[in-house]
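Below are two complexes that have chain A in common, paired first with chain B and then with chain C.
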Partner chain A sequence: MATEYVKYVDVTKCDGCRACMVACKNWNDLPAEPQDFLGTMQSHANVTADTWNVLTFVEHENSKGNLDYLFRHSSCFHCTDAACEKVCPENAISYTDKGMVVVDQDTCVGCGYCVQNCPFDVIQLKNYKDENGKEYRKAHKCTMCTDRLDEGLQPACVTTCHTGAMEFGEKDDVIRKAEKRVNEIKERYPNAMVYNPKGVGGTHTIYVLAEKPSVYGLPENPKVPTSAVLWKDYAQPIGKAMVGGVAMALAGAFVANKFFDKKNGGHEDNGGGNHE
Partner chain B sequence: MTNHWNDLQHTDVCMIIGANPAENHPISFRWLLKARERGGKIISVDPRFTRSSSQADIYSPLRSGTDIAFIGGMIHYAIENNLFHKEYVAKYTNASFIVKESFKFNDGLFSGFDEGTSSYDKTQWAFETDKDGNPLKDEKLENPRSVFQLMKKHYSRYDADTVSTVTGAPKDDYVKICELFCSTGQVGKAGTIMYAMGTTQHTVGTQNVRSYAMLQLLLGNIGLPGGGVNALRGESNVQGSTDFALLWGDLPGYLGAPKAIPEHATLKAFLEKETPKSGYWINKPKFYVSLLKAWYGPNATKNNEFAYQMLPKGNKNYSHISLFNAMYKGELEGAFLFGQNPVVGGPNAGKEKESLSNLKWMVAVDLWETETSSFWQKEAGSDPSKIATEVFLLPASASFEKEGSITNSSRWMQYRWKAIDSRGEAKADLEIIHVLATKIKALYKNENTPAAQPIKALHWEYGHGDHPDIDIVCKEINGYDYNTGKQVVGFGALMDDGSTCSGNWIYSGFYPEEGNNRSKARDSKNTDGGTNFLNWSYAWPANRRILYNRASADPSGKPWSSERAVISWDGAQKKWVGNDIPDFVPTKAPTDEGGMNPFIMLGDGVGGMYAPTLNDGPFPEHYEPFESPIPNVFSSVEMNPTVKVWDGEFNKKGNNKDFPIVATTYRVSEHWQSGSMTRNQEWLSELVPHMYVEMSEELAKEKGIKNKDKIVVSSARGDVTAYAMVTKRFKPYKLKGGMIHHIGMPWHFGYKGYATGDTANRLTPHIGDANTMIPEYKAFLCNVRRAD
Partner chain C sequence: MSKTQTSQVQVKRFSKAFVVAHAINGIAFIGLYITALPMYTEFFDWLYPLLGGPEGARLAHRVLAVAFILPTFIFLIFDPKGFMNWMKELVTWKKRDLQFFSEFVKELFGFKSKHVKQTFFNAGEKINSILQIVCAILLIASGFTMWFPDVFPTALVQWGYFLHNVGFGLGFAVVLGHIYLSVIHKHSRPGFTGVITGKVPAEWAKSHYTEWYEEEVKKGNFPDLDDPKNKKNKGA
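Here is the complex of A and B:
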């Protein structure tokens, strides 16, 4: 079994500088997408197909009555049991040997099923036009810089982080480190915890949060939606055999929207990026 | 800085005041977090809760412009609770000196004030001396005329309750801060103060910094690792710039510029008047003559006062504000603006923009068009048909496109190499100046008027053609023997007889011999000096990393504590040893004359608890800003009485009825200065695309403003339209006289670039500090309303 690696994010060391956002855009050659004014320092309401990492800013009056200004580097969690991987009708999404979840852009047909099922709202579609003017879509999200990992480098965001709030290392080491850190900061942050949700089999972006997940707009207990399991493991294989791959995928997206849309049923809602 | 960035990791308590390093000097937080891991604590004092405050152990609000009240109260606390380092104060500062009876303080004024000139007769503040001119002392600090007792009396008015009603700092938090920071007065502990423009950009800016210095001397924190008074410079090479006489009253190396007064009529008279009788500055003539020799070369000789008469001499105030006032009145014909964007960054920016159109010509040296170089365009809101200014834009190379050094806040001179070629016709500043100088000299070559003399006398031999040889410049800055051409090893070798030259004595020693430009040194191993990294770059002076490090050892030469040691006297080797270059004569024993005087640059060799040379007083005293919401609680003198006031249209003043809200300006991580670089960078512009104003939920409610509403902020000088950012990080201030609201906004925005917005400095006043003229950007009055 190959060694699993994890991006460790200790939000209590983050000072919200956002160099990690620029590093990600720079390394991945992503275009800028300035947004309307959101009312806080947060630049984007949520990650998008072109903005794979968003720093969220939360002003929180804590249990001691003092103000906490909480920052979180938010990007793909690279779940062990990734809903996106599960539901993709084209098998365009897969796991690397280090445990990262990646999208094969050539195989992706842009059905959006992954978008509908991600418990964290981190994978998004982008619209394109080919040379004949025909529109198509592709799904994008944080790649954990697998191209850098293959060269023995660390993800661009981790390398850039100047406070050491982010590190990249072997899963077991990181989990130990995270738990140790939570103990160290319990006095300052009584609700501090390690966020490594079991409902998705644990993730490869593991957080030390200063507060409960809901304060950050994160789901307390995210899971792979049941609908996704039913769909992928049962309905889809049968359907594909009957009407063919792409048609099935599109039908699947339609069905997902109507019946298994995670916003209405199935599992816990989340706000993705959060602001006041 | 007295210390340096890496050194921050050694602090026990860091007080961040007038600064926001997590946002504006992010790498410093790497070191502060290391300090934290070792048990260090962080205090954040700021008008609003910032990204730095989020990392602090204690935060307190501070109404912008009330630093002296805050720190004065801490001085009072340290003395009352006996938390100061007594022996350090008695031996290493002028706290023991006896002050003449003529020194008095009453109701906001020191003795010697002349209303007509708005200035003090500082001779009233002198020390009592013996027949040889040495100050009388009481090292027990008990004499009522001792500096210590006078200081104690002065700050007895700064009790915690009063401080709380003036600053808005809640009393409990304030006392906690006093307790925590003053705990560093203990031997074995070190506290550091990090500050920036929130401290300096006030009419009392100099005295703000003075108050920090006094507190740190009281606590024995100067000269120690993890201690010091540490300015976070606002630009990557502004330290280098000020070292090279950015300020109008300086010549390079902080040598004073001569004036057109009888005392300065000749070089001899000037040096006689301006050279102190003791302290390291007694060597000023050597630095001065070496500088003249660098500039005028063979044209500077013993027979012609080393071309001293070629130096321009004037008596006016040539500060930024004064220059723009002259421009405003139509008294200036032309201006060169090198990488300067006053239409966004200048105080009363709207007036400064207007003033530019009175110029006959203007040369802007910039990477690309900025709000200033395009001030005349329709886009700028101007009517080009009404503006006669001829504007030239010289494209400049960016920092990666040229070679040269940058000096950071820690005084580390770090050489940079060219990474890529410039685009189009862009040139390095060095080249631009070189071409200008050679062409101007050629134009005046055959003229014999008085105006032509200084230009002809200037010795300009930095290589041939359009491209100067920067190595020649480096060697000249370091200095060399004029006869042999051999580089000097340091400023100790500079002479006043014309045999040496040096473009800047404080840098002398960075290039001590051919092939050894120490600013290029990049040894990152901790071989020498531990975290002082003596082999990485070159720190002026003489590669000393922690200034006044003699003070880290007691009078006998033994470190006060082993936990905070830097150098110590080695009796066997008869020299000072340790992990830094001694900021002291390396072979001077503690028992030698001056062996116990760590503050070598001051005449008396001891730290200045009392500073009788400043324009506004020997002790910092709280005065309100030019525009203030409440009357001064400490005295009936509302504003610093020695500040130069421009009035009329050039500096309209707002009253606190029309403009009841206190405003301040600041920066964000994502943008820089006037935004001419960052707002032209897409990824940074994406992070902060909009101009906004931060205000409390309470103020928003009062004004019917919701988060994200468009609002107008107005002052007596202009209006700014922006988005409202309603936040918990600003709260109303409970002051004597009632509830005051406080808002703040970034000053990075202008109309050019990807991210555009209104310019905050249209609101700020045209008034500056009493000693340095730095504009009071940080505290002024305004009002706020919804835009619709």
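Here is the complex of A and C:
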């Protein structure tokens, strides 16, 4: 990976217009998902297989007892150590040369392991029906508009953002910018912080949050699940080695038996009854 | 196996319930592994087309999973005595069980070995049973969380994947040994026909499970092979 690029989201500049949601649907050809009224301005409860980014609206009482109306553009974080990539049994999930996490639709078998292991609850399965009526599933999520990045363009959501809440740029620059911005807004938002969690090796969407992550419904310390590490880095290789080891031992036993049979003239054919 | 007459005498070793339970268990087990292999390693992805795609494999795996749970109940309901004896043997460990293993290793590789007196199940079979029971519990419990992720907490589902994987590896290694010994290894092969017909050669049973055999002789169920009239043709 040469230069690392990340998406920068400064939620304090977001005005909740949801143009990023529309731009995403538009560019990625995602069907509309009509929803019932959820009781807030928020359109969808969470991202889905067909809605890769959702503007979340949180009504929060701040430390001074005032109301803060907190907006956040939410979509895949593109973790540097992505749990979905780790647990995928078919290697259908991979990192692009720019560090984005993408799903290969042809290889995905729809098992849903990624869905259960994503620390941010982002990746989801979509149900399909082929022409014979056979149902199948595929995992979907934001691709960071990898097809656009490859052409030198920026993600659709970033391009469309009219307040400058989103930018796309080199990682180091973005982190510097985010830290500077946090300092600027500390007075108004004492809990402001840069959200680039270390438990997943950092992310390719870096946020300036006005409040603690939990206020936004985000995990404070997201990480690749310990179970996933034990499963993929230990259980699986040890299991394979164990099966291989037993198979080798048995092959050895088989050959040794043939060898001794020949030596003894093969007359020991009494079902092992030579217990004298 | 033997040409002598005595070993053609067959004795009953396994009940019908055991034979049926073992067969269902074995078939379900193998089927479960075949439908799981492409998910375990991409090396076996070529199985997908044969199984009706990932969806077909998933469906078959679930049907077989149910079949895999049944045998325990078949054995327990239709042969409770045999089941309890099995359980009792699994928790009974004596010096002879430990001696068994050193002799077993020699025997496995074809060296000269002697038989250590064993009861209905030998120490190796007991280890096999215990490991398979542990694996079955691991696999069945974690299988449920994987099958119905929506009704279990996420953490449980995540640990389920890990445990299912552990059960897969351990179960595979154990069953390799189990199948090798019954189907290929010549000294224990009568056990293979035995688990299908329920009957084994008396002489083989006596030498391999001496304590059990002698008990059955005392009860009058099995012929006493040391009796001169049973012995007349014993050669070699």
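Heads up, the rule we're going with is that the second predicted complex is superposed on the first by the 232 of 276 C-alpha atoms of A that agree within 3 Å, B and C clash if a C-alpha of one lies under 4 Å from a C-alpha of the other, contacts with A are read in each partner's own complex, and residues count from 1 in each chain.
Basically, contacts are C-beta pairs under 8 Å (C-beta built on N, C-alpha and C of every residue); 3 or more make two chains touch, one makes a residue touch a chain.
Remember, predicted model here, so these are calculated numbers, not experimental data.
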(message) With both complexes overlaid on chain A, does A:Y136 touch chain B (first), chain C (second), both or neither?
(response) second
(request) Kindly classify A:G201 by the partners it touches after superposition: chain B alone (first), chain C alone (second), both, or neither? (result) neither
(message) If we overlay the two complexes on their shared chain A, which of chain B and chain C does A:P190 touch? Say first, second, both or neither.
(response) neither
(request) Have a look and say if chain B or chain C is in touch with more residues of chain A. (result) C
(message) Per the contact definition in the header, classify A:Q35: touching chain B only (first), chain C only (second), both, or neither.
(response) first
(message) Under the stated touch criterion, which partner chain does A:S227 make contact with: chain B (first), chain C (second), both, or neither?
(response) second
(request) State which residues of chain A lie in both footprints, the one left by chain B and the one left by chain C. (result) none
(message) Quick check on the complex: what are the chain B residues that touch chain A?
(response) 22-23, 26-27, 29-30, 33, 49-55, 59, 668-670, 682-690, 692, 707-708, 723, 725-729, 754-755
(message) Touching residues of chain C toward chain A in the complex: what are they?
(response) 1-2, 4, 7, 39-42, 45, 48, 53-55, 58, 107-111, 114-115, 149, 154-155, 157-159, 161-162, 165-166, 168-170, 172-173, 176-177, 180, 184-190, 201, 203-204, 206-208, 210, 236
(request) Name, in rising order, each residue of chain A that touches chain C in their complex. (result) 87, 89-91, 109-113, 115-117, 134-137, 225, 227-228, 230-231, 235-236, 238-240, 242-243, 245-247, 250, 252-254, 256-257, 259-261, 267, 269-273, 275
(request) Please name which positions on chain A make contact with chain B in the complex. (result) 13, 15-19, 21-22, 25-26, 31-41, 43, 51, 59, 61, 67-71, 162-164, 276
